[in-house]
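A, B, C and D are the chain letters, set down in written order, and residue numbers restart from 1 in every chain.
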Amino acid sequence: MNWEYIASIVNSTLRMTTPILLAALGSAICSKVGVFNIALEAQMLIATFFSIVVNYFTRNVYLSVLAGIFSGALIGYIVAVLQVKYRAADMVIGTSMNLLVSGATSFLLYLIFGLRGKLVDSSLVSLPKINLPLIRDIPFLGRMLENLTIIDYLAYVIAILMFIYLYKTVSGFRTLSVGINKEASESLGTKALRIQMSVVTLSGALCGLGGVVLSMGQVTMFTENMTSGRGFIAMAAASLGVSHPLLTIVSSLFFGLCQSIGSALQNVIKSQLTMTLPYIATILALMLSGWRSLKSKNGRSI
Amino acid sequence: MLLEMKHITKEYGTLRANDDVDLSLREGEILAVVGENGAGKSTLMKILYGLEKPTEGDIYINGELQKFRSPHDAMAKKIGMVQQHFMLLQPCTVAENIVYGHEPKKSGIFFDRKRAAAITKELCEKYGLSIDPSLIVSNCPVGLQQRVEILKVLYQDASIIIFDEPSAVLTPQEVGELLKTIKKLASMGKSIIIITHKLSEVMEVADRVMVMRQGKRIKEMAKSETSIEELSFLMVGRHIVERKIPPQETTGTVLDVQDLVLSGSDKKNILDHFSIHVDAGEIVGIAGVSGNGQSELIECITGLTQITSGDILICGKTIVGKTVGERRTAGCACIPEDRYLWGCAKQATLTETSIMAHQREPAISRYGILNTKGIQKFTSGLLERYDVRSGGLSQKTGELSGGNLQKMIVAREIELNSNLLIAAEPTRGVDIGAMEFIHSRLLDKRAKGDAVLLISSELTEIMTLSDRIYVIYDGKVAGEFRKQDATEESLGILMMGGESNEPKAV
Amino acid sequence: MSQKLSNRRITSGLHSAWNTMRQPLIATILGLLVGAVVILACGKNPLSVYAEMFDKSFLKSYYLFSTLTRATPIILCAMATAIAWRAGYINIGVEGQMIIGAFAATVSALFIPGSPILIAIISFIIGMVAGALYALLPAVLTWKFRVSMVICTLMLDYVASYITSYFVTYPLKDVSGDGLALQTAQLDPGMWLPRLTPKNTLHFGFIIAILVVVFMVFITKKTVFGYESKMSGFNPSFARYGGTKQVKVMMITMALSGAIASLAGTVEIFGLKYRYADSMFTSTSYAWTGLMAALIANLNPVGMFFVSIFLAGLQIGGSAIQRSLGIPLEISTIIQCCITLFVSVKLVFNFIKKRKAKSTAAEKGGEKA
Amino acid sequence: GSAKPADTGSESAAPAASSEALPGVGMKIALVCDKVGTQVFLLQMVNGLKEAAAKYGFEYTVAECADSAAFEDNMRALVAENYNLIIGGGWQAGDAINKVATEFPDACDYALIDSEVEAENVKCVSYREQEGAYLIGMLAALTTDGESHVYGAVHVNEGPGSWKWRYGYMEGVLSQDPEATFVFNYVGSYSDPAKAKELAIQQYEQGCVFINSAAAGGDSGTFEAAKEKGFYTSGQDVDLTDPANPYIVTSQIKDTYATMTNLLDLYFSGWNTDDEVWGVKEGTIGAVYVTHDSQNPISDRLTEADIAIAKQAADDIRTGKLDLTNMPTEEEYFASKG
């Protein structure tokens, strides 16, 4: 196995990680305010669609990115209204939103373009790739970091900013307090409902950005259901990262890696079996972290 | 008048929790509101604090009509409330909790935690309340948590402070300090409303007393014009007579705790070579400042926690390693100290809550199949005999007033007819009528020749009911007294970790 | 006398049924309204589309039977979900348990020699045991390692689907025909569950589903176990304090959940498909539809039964309008989702409740004055 | 009871006036298949059906199936709705049509495209895709010209379905480049272009200069990777060569349009229900530039000579000189290779 190949696996891991990381951050921040959001898939998919639609009509990258973020946020807002404000069951909302958006995007694709299945067009503009001038020339590193978009970097910045916001700022503190004890935070005038709703909307925007990087960064097209379960993987990643922004970076990278390694293993093991890898790895990782925290507590049994 | 509430009426469906109540408060005054369980005290305060909207009636501050839509509005008018169930962010620090809502900032957005700690220190000094700002709240004992609540209200610069049953969960020492604090705050110009079931506290701090019954204001008077006897008569509509407890012979040991050790997460033992016994026909009290291992002792005996070493016997048979259910059949009933955590499920109906631990009795179920009729009969019997005021068998447990819920739990455990009854804080939050009632039930149990282990932070309760008293300190038995030998001082010194009842050498 | 009494009982029963059904009904109407807008947007007449949709899902007997056939696994999945959720264990692994259980049952039926009926019964049992074991796995992990039950069961769904996919692609693949389909061989016709109607596919599995509903009602309302697991779901500390063995409740509820989930898959195979085919349970999302039914009906067994039938009917009807009116499948998905979303939101109901409370309060006030 | 479809929606292509003469008037024919959206393969079938409906004057319906259980549901309903001919499109319809045809042998006629089932009364048309894949494999080697001996392929799922492609492709490559080795990867989803792209890039990094794509919705991902990285690739089902992407050097043809129209021609001329397997010879399987022409310019990497070699092979397949009909299973194949 040569170094070039390893570098390319890392490179591909980084690209595969970004949408998962962004959605996982969306999931994490929701659980920080006590909302279980499983409409991540819907929030991502709508963004892949609308970013490409706007891209098609305007050929403008910025507008497309914005369209993606806004459409994701819009779905987030609907989820917020139904789930937070009207307290509908999270599972029902999430499941039917995922289904609804998958149907709606296919339908709209047909309605707007008369197309079925996918929109691929050479006129679509992809996100500019950044090949950093100095790093590009370092052999291994340059190879690892080639062809990443600004959002691939931005995802990590967002994670760090989210960490700073939650743990260092006043309004972050209030946001966290809603998740810790909603009643208490409300008793001192925090508008808990509003915070929860904006956080869920924000998670929509984050997933939206994840969708954008999928449809305009990794590839430049829209195809039906192109998120292919990344929202659920993101949920697992957030859970593995105990909803902490920085740990979520680690767990998302882990999932990205599982996918690349899984593909590499396909030459040896049947693909059906390699595809279980990320899922089994998640369970093992959760077991490990559970076992460690139990061991450190060591105290009373059930 | 600083504050006036006029003609307040509050209806929950058909129930009138408040019925045309008036209340007024002057600056620097301490007003005590007393009344039986479910009289509507908490409801009135929730209205004042903007947590509930009155069905009718108005609130005036300095003669100005107010409309409170939320606690936020009330706070803006300098009304603060120390709620019964603490509104604290448990995993956060004391300082973070106190400054919550008006946090000090660095460069406009960042939370200045250092300043928060400094502010907390200043605040503590100003009001003479000490607490370490960097402690994590969940690690603080209840008394300290309440202090955090008070400091929170003070930091909000409240001039009217409401306390809803602040002493119910405190140790006598903590109560003493609380009352001192309240008086001090009043002397600094704060106006205070306090709800309590402990009339001695009323007599100690209040300037005026308002008595409520069945949602109505019955009477209001200056403290100097009334007495404990009169207040209790007004509250429950009858005289409470002090009871004589006849001495009684004990027969055989029921509970025998031998050399019990429960180790904690660090090196220290939570319970350290702890040995006590309770005989048939006696009430044994455990006195101690809460947090010295009482909760763990109960958990060890009832089987909620596995012990590290030692032995626990009920009627001569060891119960170590047995499950909670097996211990219950072996004859161990328990009135839990936290009624919402262990004692009930708020969403469950009254029937469901009342048959817990009875569910395998023949009247309730046979071969695992529930007997619906039997259950209804059982529950309505309980509610009737123990005077639990409720809206019917299918009411949700969480909607009962605290005192009534307590009565129901006491009823359920006593009806188990077990050899041993562990009664942890059996009268927490109940009115004096109910308290007297619960006490008689405990004494009945003793008279029947059963054993009662009474754990209470209420020293007077322990001293009146117990035949024997152990003092628990730091997980160890710090002393053992017969009823006649125990005095408040001798117990108190041991409870605080003193060596004996001799004054310490300086 | 007794006649009168039973009459009263019936009216009060109807009343409570109305009370529980009112919210879903109103929500359905709202959902249909939104759907109507979508139908209009694609240039069709909502009324005729809806007429066709309901005609071909509930009103005509042929389609009603199809709806019931499709509802069968959904009902069972709803029950499987509910029994665990009631006790506070958020099992979203019903799909995985269904796959593993049904697959195990199929494999046993294919490979154990013997009289078909006997083998069928044995296979059902083996399937249920396999489903139960697959559900116990996350239970044990939650117990021993404090793994999040939600994530763990979700992950095991994927694992189950890929692993069975491997088996039907390679070692156990059917070789009849050109062998392109990823499926096992067909079961011996002697093992097939009997049909209930001659021309339709409605099979004995539906009766099994009804029996499970009855079983659930009995468990939840009438047994100590049901009581204890409900209390564990409300407040585990309270249940433990009352002598309930938490671990036992967890293991039993999860095992029951897995067994019922397995039954959902097994009746589909023995009553309808007659073999295990790759992704037959993932593409149909029976488990997820069942989960929605369970939540919409607030875990009430009888409610879940009807909601499941309703959701199945929407799917059958959606298919029908695509077939005969050329309405894109996406639109029927959209309609289904809108209805589900509105049903799950308690908003309508609460709004009415509040209005009522206000008006009765006002009446009372009026009387006094 | 059975029900007639409401008039409003059924799509009848029959012109009202001259309809009397057409043999299909008054007949109803249905195609039951997956959701058409994702697959050109099905779109072509639908187009073929439309075309035939215009020609014969029958009424037609496309019953799309949202999930695997819907195939049987739809077919049973169509039988109840008195359809004359039900055509299953794709192997996903196989099991359902087999059961329905066995249960209602006289109610209706049945056909199945792209798979073969046991029921006697189902006219099955399936394909020898390996023949097309063989041609693609040859072109792959001819395009690469020994630049690399590692050949890649990105498919949807591993299994007997994709084995036909894999086998044909490998044999085709090996016929031109005996040193060839292969990397195969599977996306595991019909709709994940992003993953397909990453898989293709990784194959490229392993030295593949040609990567065969058969990843359904994922194809566009592979194509994009090809354009970015500069390796060569091929499409499937229809002519996917693209003047804007010169790296798509050919496309494997599986002409379901022709299949559908041929099948209905057979039907209206009174068919027998013997199963048929169509390949290069029948014109439904092939490769762009070899058996099927394209409007798009041919890649510089493929010379006249290259195409001639492939064309010769196609002829050999037609004449039976090169016989790919009897294909080993995956296990047999690798066992024989050692």
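The rule is short, and it goes like this: a residue touches a chain if its C-beta (ideal position, glycine included) is under 8 Å from a C-beta of that chain, and two chains touch if they have at least 3 such contacts.
Just so it is clear, the structure is predicted and the values come from calculations on it, not from any experiment.
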Which chain has its C-alpha centroid at the greatest distance from the C-alpha centroid of subunit C? B
Rounded to the nearest Å, the gap separating the Cα centres of subunit A and subunit D is 35
Averaging C-alpha coordinates per chain, one finds the centres of subunit B and subunit C separated by a number of Å equal to 45
Rounded Å distance, subunit B centre to subunit D centre (Cα mean): 76
Chain-centre distance (mean CA atoms) for subunit A and subunit B, in whole Å, is 47
Check each residue of subunit C and list the ones that touch at least two other chains. 169-170, 240, 329, 333
Would you please write down the residue numbers of subunit D that are in contact with two or more other chains? 157-158
Quick one: which residues in subunit B touch 2 or more of the other chains? none
Using the contact rule from the top, write out all pairs of chains that touch. A-B, A-C, A-D, B-C, C-D
Interfacial residue positions of subunit A with respect to subunit C in the complex: 82, 86-89, 91-93, 95-97, 99-100, 102-104, 106-107, 110-111, 232, 235-236, 239-240, 270, 272-273, 275-276, 279-280, 282-283, 286-287, 290-291, 293-294, 302
Can you name the residues of subunit B that touch subunit C in the complex? 11, 13-14, 55, 302, 304, 323-325, 327-328, 334, 336, 341-348, 352, 355-357, 359-360, 365, 368-370, 372
Residue ranges of subunit D in contact with subunit A within the complex: 36-39, 43, 157-158, 183-186, 188-189, 191-195, 197-199, 201-202, 205-206, 217, 220-221, 224, 228, 242, 244-245
Residues of subunit A touching subunit B in the complex: 168-174, 177, 180-181, 183-190, 297-301
Quick one: which bits of subunit A touch subunit D in the complex? Just the residue numbers, please. 4-5, 8-9, 12, 15-16, 19, 106, 110, 116-118, 120, 122, 147, 214, 218-221, 223-226, 228-229, 259-260, 263-264, 266-267, 270-272, 275
